[in-house]
Amino acid sequence: MESSAHSPVLAPAPSSRLAAGLGWRRRGVNTAMTVLIVGAFALAMIPLFSLIFEVAKRGIPGLSVEFFTEDARGVVGGGGAAHAIMGTLVITGVATVISVPIGIMAAIYLNEYGGDSRLRKALTFFVDVMTGIPSIVAGLFAYALFELFFGPGIRLGVMGSVALSLLMVPIVIRSAEEVLKIVPNHLREAAYALGTPKWKTIVKVVLPTAFAGLVTGVMIAIARIVGETAPLLVTTGVIDSMNTDPFNGRMQNLAVYAYNEYRSPGVMNQAAYDHAWAAALTLIAIVLLLNVAARLVYRRYKTEIR
Amino acid sequence: MASVDTTTNAGQLLAAASGGRRRRGDRVFSRMAVVSAVTILALLAGVAIFLLAEGAPALTASASELPGGESFVDYVAPLAFGTMLAAVFAAVVAVPLAVAAALFITHVAPPRIALTLGYLVDMLAAIPSIIYALWGVFVLGPAAVPVMEWLEGHLGFIPLFAGPASVTGRTMFVAGLVLAVMILPIVSAVAREAFALTPRRLQEGAQALGATRWEMIRMTVLPFGRSSIISGAMLGLGRALGETMAVTIILSVSGAVTFNLIGQANPSTIAANIALNFPESSGLAINALIATGLVLFAITLVTNMGARAIIARQDRE
Amino acid sequence: MSSSRWLVVIAFAATLALGVAACGSSDSGGGGSSGEVSGEIAGAGSTAQQAAQEAWIAEFENENSGATISYDPVGSGGGREQFLAGGVAYAGSDAALSSEEDELEKAEKRCQPGELIEVPAYISPIAIIYNLPGVEGLQLDPETLAKIFNQEITSWNDQAIAADNPGAELPDTRITPVNRSDESGTTENFTEYLSEVVPSVWGYEVSGDWPVKGGEAASGTSGVVEAVSAGEGAIGYADASQAGELGVAKIKVGSEYAEPSAEAAAKVLEESPLDKELSPGKHTLAYKLDRKTEAEGTYPIVLTSYLIACTKYDSAEEAEAVKAYLEYVVSPEGQELAAEQAGSAPLSSALTQKVTPAIEAIEAG
């Protein structure tokens, strides 16, 4: 949900007009509110900087070349987190591949085909409800689903992806819907007037216009799920070896890795805590990198809507 | 809504001019879209069925069979209370802040840096929830202890701040604040979109009549964006209702049902309760936990229905 | 367009990097040389055992490069459930399989045609940690301890505490008792101790859920340690290996005040009898800890965690791997490693002699 248009800065009224018509009371209220607004923004920024600072401060000691290149197999009380990093990338990647197409198609349905149908009303309503599913329930559901087909004790990387998709889809749909709504009708009608079929209009006109906003929506959804631990604990399991196959066996990931290191650090707990914070820092870095990539895409493909 | 409007000339032209192949393409595509929509509803129905099926044994069990020896209603009521308390507190803190931040970005800050400021606020959404949780415990909690002691000392007559203030800072107050920070970017992004789209003419009109900037905002931007603010608030509320990790790690949960935000005894939330107890549970206890998940589902449903009703009434006015 | 080419280049480079990283690091290879075990087995259960299991797995995989062992710390309840359903080969549990809900019977059925194995493999003292600057070497007797934790005693300079600590200067700070907010084996063992030793003061039912409302609650051992560190006047109970810099109280056993040490913890288990009801089979060794012991050199607030397995498995490879791994776990080397890495108490030699035959009963090879 990127704000593509900034409200135009209306020229402040010349002071003579202000002085003439306004009492000091109204001016005072205006100033007070401006201060409040600026203050509120500053207040909202404090946690952001505090967070990044604290995680960086505690995480940097845990970083090392080993952290990024070695997994923890066979290393007592140490080792790296390469298996966790790969696991996060794979699980998140698969979750994105599952949720983005279905989410965007559903948003297209809501915005372009739904009309006043009951299906549309139901979907809009329930997408909001979906945002409230607790992450652990999503994990339990995914586990139950796979247990039906594969028996108990099944642990697969793709199960985690399914659980995470459940959490991603409502965000993708919501933000895609908002962006598609903003695409002005006259673009569509111009295409129809030229005889373009509806589906082609959507694919060749609407989607490219909305592309940048869609990417931003996907980024927000990814950010939402990349740090989830609870659903993954019951679906992907825990392992100290590298595994990049989501359809075969357990897979480690950064969030679960950080959580485990924090929760059961063993006797040499400082090293474990360092690992946990370093994993947290890596997580933030991954999300920030994705965000930066999204901004670059946004800036390249942003279309001015007149 | 941007569907084909056959009342316009363009629409009629399309309807008339489409050849057989094009109609097939349209059918395939629209079918794919419908299938996606239906799949998602089916998935959600699946989750609801799962919750019902797994939760049913606990709903029908007698009090003596359930963990803690109390009836299911007695078990889930404090959890539902805690869930609502945390989420409402978070929303009450986050929504005004988010609206103010959105106003700042769209109307107060110089437009050249407005986009960057927007990114900064969005970055709050990029931080994973476990990091918020650890930050709440290690940083915000200890920092909040003097604030809570001040509140107890000066505003202790309000039941919210009755105290005694916790010495570790792991209270509903801090957990609520962390939740507020987590949902702020969601509310702010939605509000920002609406504020930026406020028609120029409305705003210019207000200014022409001699309004100060604040008066213009109050008269045009805020009313225009009211339903967006509410829907953003509802999205944020939904997020806060379901947030697991932050509450699990931060909150000192000791079963008391109280409005006291700064004490060490706090009610748990449904999501945190599941996370805390699921690992060690077996048998009927697991069914009870899933049944509480069903209750949370119902709460989210009701909250959303309420929001829709409010927005519908706004639109009608 | 150059920008789209840019994106393609980035995507290609990323894929390349991922591919190199994936191939570059070690992965579970094929079989090793003779004497080494290979295959994949999975276990699940107690989080108390997690640090130890990680160390055991790492060392075992070092010596058996073809084997991949995993342990999901989903909690004792989850571990037992997984085991009963046949989803994992072995489970770690802070509580022995109970007779409630036919757990024990279901386990025996799961193992058929083989037999059920249940042995203690992880013993860890639970320390009473406190944060009271200026007061070192706090001593408490069980009654005072119980009254502190059920909130009957609310101030540090209370008579009862002073009586246990003659000569110490106790401030009038408020006591903040810290307990576990999540269900845990540590809570269960601590409350079991209190309800057996001072039942007149501690009348609550023994369970993994902390029974007293209104205290400060934290999630996980790390949470409790963190909460006690953060609050002046706080006192809590946690795995002794995590106490760190915090003060650790000495608890009265008999006429002496005992410190939580590995030896003292192991000694308690040694002096305790088997729980006949929960040990029906030849290879099930569930102990009824004698918490009321007054023997010298014991520390009765301990957590015992069990390993649950079967004597027969569907595949010969699985059986071989499980047997080799569990043999390592209960061996003196394995127990030493756990003591080093996780702070547990190694099984005494008397116990090792009882436990090893149970593991040897696994039919493999």
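Letters are used for the chains, namely A, B and C, taken in the order the chains are written, and counting of residues starts over at 1 for each.
In the analysis below, contacts are C-beta pairs under 8 Å (C-beta built on N, C-alpha and C of every residue); 3 or more make two chains touch, one makes a residue touch a chain.
A quick note: this is a predicted structure, and the numbers were derived from the prediction, not measured.
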| item | value |
| --- | --- |
| Where chain B and chain C overlap in contact partners, by chain label | A |
| Two chains sharing the most C-beta contacts | A-B |
| Chain A and chain C: spacing of chain centres that average the CA atoms, whole Å | 36 |
| Chain centre separation in whole Å, for chain B relative to chain A (CA means) | 15 |
| Residues of chain A engaged with two or more neighbouring chains | 234, 262 |
| For chain C, residues that touch 2 or more chains besides their own | 47, 73-74, 78 |
| Numbers and ranges of chain B residues touching at least 2 other chains | 138, 275, 278 |
| Residues of chain A that touch chain B when the two form their complex | 1-10, 12-13, 17-18, 21-22, 26-27, 29-30, 33-34, 36-38, 40-41, 43-45, 47-48, 50-51, 54-55, 101-103, 105-106, 108-115, 119-120, 122-123, 125-138, 140-141, 144-145, 166, 169, 173-174, 178, 180-183, 185, 188-189, 192-193, 195, 197-200, 202-203, 206, 220, 223-224, 226-230, 234, 255, 258-259, 262, 280, 283-284, 287-288, 291, 295 |
| Touching residues on chain B, where the partner in the complex is chain C | 67-68, 137-138, 141-142, 164, 166-170, 248-249, 251-256, 264-265, 268, 275-286 |
| For the chain C and chain B complex, residues of the former touching the latter | 47, 73-78, 80-81, 101, 103, 174, 176, 178-179, 181-185, 208-210, 212-219, 223, 226-227, 230-234 |
| Residues of chain C that touch chain A when the two form their complex | 3, 7, 10, 18, 21-22, 24-28, 40, 42, 44, 47, 50-52, 54-55, 57-59, 61-62, 65, 68, 70-74, 78, 82, 85-88, 220-222, 241-242, 244, 337, 340-343 |
| Chain B residues touching chain A - in the complex, by the definition given at the top | 1-4, 8-11, 13-14, 17-18, 22-23, 25-26, 28-30, 32-41, 43-44, 46-47, 50-51, 54, 96-98, 100-101, 103-111, 114-115, 117-132, 134-135, 138-140, 181, 184, 188-190, 192-193, 195-198, 200, 203-204, 207, 210, 212-217, 221, 234-235, 238-239, 241-245, 270-271, 274-275, 278, 290, 293, 296-297, 299-301, 303-305, 307-308 |
